[in-house]
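Shared between the two complexes below is subunit A, which pairs with subunit B and subunit C, respectively.
Now for the complex of A and B:
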């Protein structure tokens, strides 16, 4: 049964949807029921960071081994990560509109997220600007290593050093008992695993498509020679 | 009479405990939960998600077939 993790992903997300609405959540001012967005908005960012981390690891592995497969996984993983990041930004804007009064406020975490997305978009622009495969893979792998470090800086380090509207920034610890209680954790952690596995599923689909087209390209080149 | 007095004091104490234990007036979707209508939302979301999963499974299978075809050649 090699598809067990896909089944696990679906079960975990279904569990998230069902219990994300049913469990008791702390009654907090301003947030009200929207605190349940934790299971859907925050998990998008966790998935994005895990997938970008995978991309980072494979970029380093590519530089060590020079295998094209590693470069394919690195680029596709960043792609799925950015998909999650875009959903994270959009859902965050909806949530912010109702709790902070505007879809975009000058919060260091929001601006950091925007810069991170631009950094990764530049990664794809960089990739597409080069035709030669080995060169493209090498240059973009190097860039990707710095991109992920900047992601950590912009999303985790800088917002903690100033005041942010996001919990867990500007001095207070993330997920302290003020933010979420243990009942919410029983849904939050499975939700992270579930959404991330869904992302990994999409990643494998993209990698397989890329490998097929890559195979086809090399066949065509060999036939021409 | 003494018993009645102490009972009154005790019940007043209990009532005050219950009242103070009530959550503050922060509005939550309690009505939605009580009427059971929240289950409608859950059912809709589950359907949407299962639909997307079925679609992903179909793409997955199509891709497997294509891989087989290409690798046979």
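Now for the complex of A and C:
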């Protein structure tokens, strides 16, 4: 059973979808039933940050070892992370339109999301601006390491100094205040694991495709010589 | 240590030989300020004044530092590589660019308050924030210019790569300098200045650690 984690991912995501809509949620003003978006929107950001963290770790490993495989994993996990980020922004905008009355408000968390997308899009522009493989891998993993640390500073340290509409900042209640009886946690934590595993599954598929296309390229070159 | 002083001398000599480069950046600042003056006439709102000031400084800094590595030809880089170690080079570049940007920021302050008026409450604190901020900008942009110099179209990439990652720094700077303009005193603003200095230290340390990997080609 080498694929147990794929089965686990499917089960966890199914569990999230079914129980995310069925369980009792705390009745709160403003939020009401839209609090269920926690399982589908917030989890996207957790998965994205985890995948970007994977990308960061593999970038460091690439600089230490110089193996092309590490660079492939780093760039592809950033790719999958961006996909989760886009879904996170979309689900957040739909939700914010109902709850706050506008799809985009000036809020540190939203700005952080936008900056994250800009950083990783810049990372891909940087990658595509170079042709030589080793040089591209080296320069872009260096930028990835630098940018991710500044991103963490932007996302988790600076917002502590200002107010946010999101829970846990500037006088808003935190997650544990909203959810006294812990029912939401029974879906929330499995949901994070489930979505992240789905992301890892995407990642492994994309890495295999990339490796195969590299192999084909080198074979073609060798045959032509 | 001797290497760093030697490299600093080299940078200063190069700059002195190409006086038009510094003059060009100064002219850039003056004409941008003059455009703002003609567009706004006068700015009463303090947040706007402050944000516009830092946007001018940011664009001038990107312009000033983007040539930092791009002007070195491939052969000259190889020559430097045989003479000294990469850590000395990045430290020398950061120190030199910090000095350059500090001068540039002070000149911007002068022209900006000349044209658009100034309501700065605590001038000493404002200048300290400006200098600390320009040091942060210098160290971040130096590494980004080294990255951008490795690619073919480094002028536009410089902006794309640096703007998203410069934001944590820029937001802290804008907060701190607004507090200085409002004359909130050291008890309030001290916290922001400490965060700013901590960010500077973080960015410099990262540049110091990462640059040697970029150097070898």
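In the analysis below, the second predicted complex is superposed on the first by the 216 of 225 C-alpha atoms of A that agree within 3 Å, B and C clash if a C-alpha of one lies under 4 Å from a C-alpha of the other, contacts with A are read in each partner's own complex, and residues count from 1 in each chain.
The definition used in the following text is that contacts are C-beta pairs under 8 Å (C-beta built on N, C-alpha and C of every residue); 3 or more make two chains touch, one makes a residue touch a chain.
Keep in mind it's a predicted model, so treat the numbers as computed, not measured.
Look at subunit A after the overlay: subunit B and subunit C fit there side by side. After overlaying the two complexes on the shared chain, residue contacts for A:146 are found with subunit C alone; subunit B is out of touch.
Seen from the CA centre of subunit A, the centres of subunit B and subunit C span an angle of about 140°, rounded to a multiple of 10.
Shared-chain residue A:33: touches subunit B; no touch with subunit C.
Touch criterion met: A:10 reaches subunit B, while subunit C stays clear of it.
Legend: residue contacts after superposition of the two complexes on their common chain; A:201 is shown touching subunit B, with no touch to subunit C.
Once the two complexes are overlaid on the shared chain, A:215 sits against subunit B while remaining clear of subunit C. Of the two partner chains placed by the overlay, only subunit B lies in contact with A:22; subunit C stays clear of it. In the superposed model, A:158 makes contact with subunit C only, not with subunit B.
Here's the short version: in the overlay, subunit B gets within 32 Å of subunit C at its closest Cα pair.
Those residues of subunit A whose C-beta lies close enough to touch subunit B in the complex are 10, 13-14, 17-18, 21-22, 25, 27-29, 32-33, 201-202, 205, 208-209, 212, 215-216.
Within the complex formed with subunit A, the subunit C residues making contact are 143, 147, 150-153, 157, 160-161, 163-165, 167-169, 171-172, 175, 191, 195, 199, 202-203, 206, 210, 213-214, 217. On subunit A, the positions that touch subunit C within their shared complex are 63, 115, 118-119, 122, 125-126, 129-130, 135, 138-139, 142-143, 145-147, 149-151, 153-154, 157-158, 161. Looking at the complex, you find that subunit B touches subunit A at residues 23-24, 26-29, 33, 38, 41-42, 45-46, 49-50, 53, 56, 59-60, 63, 66-67, 70.
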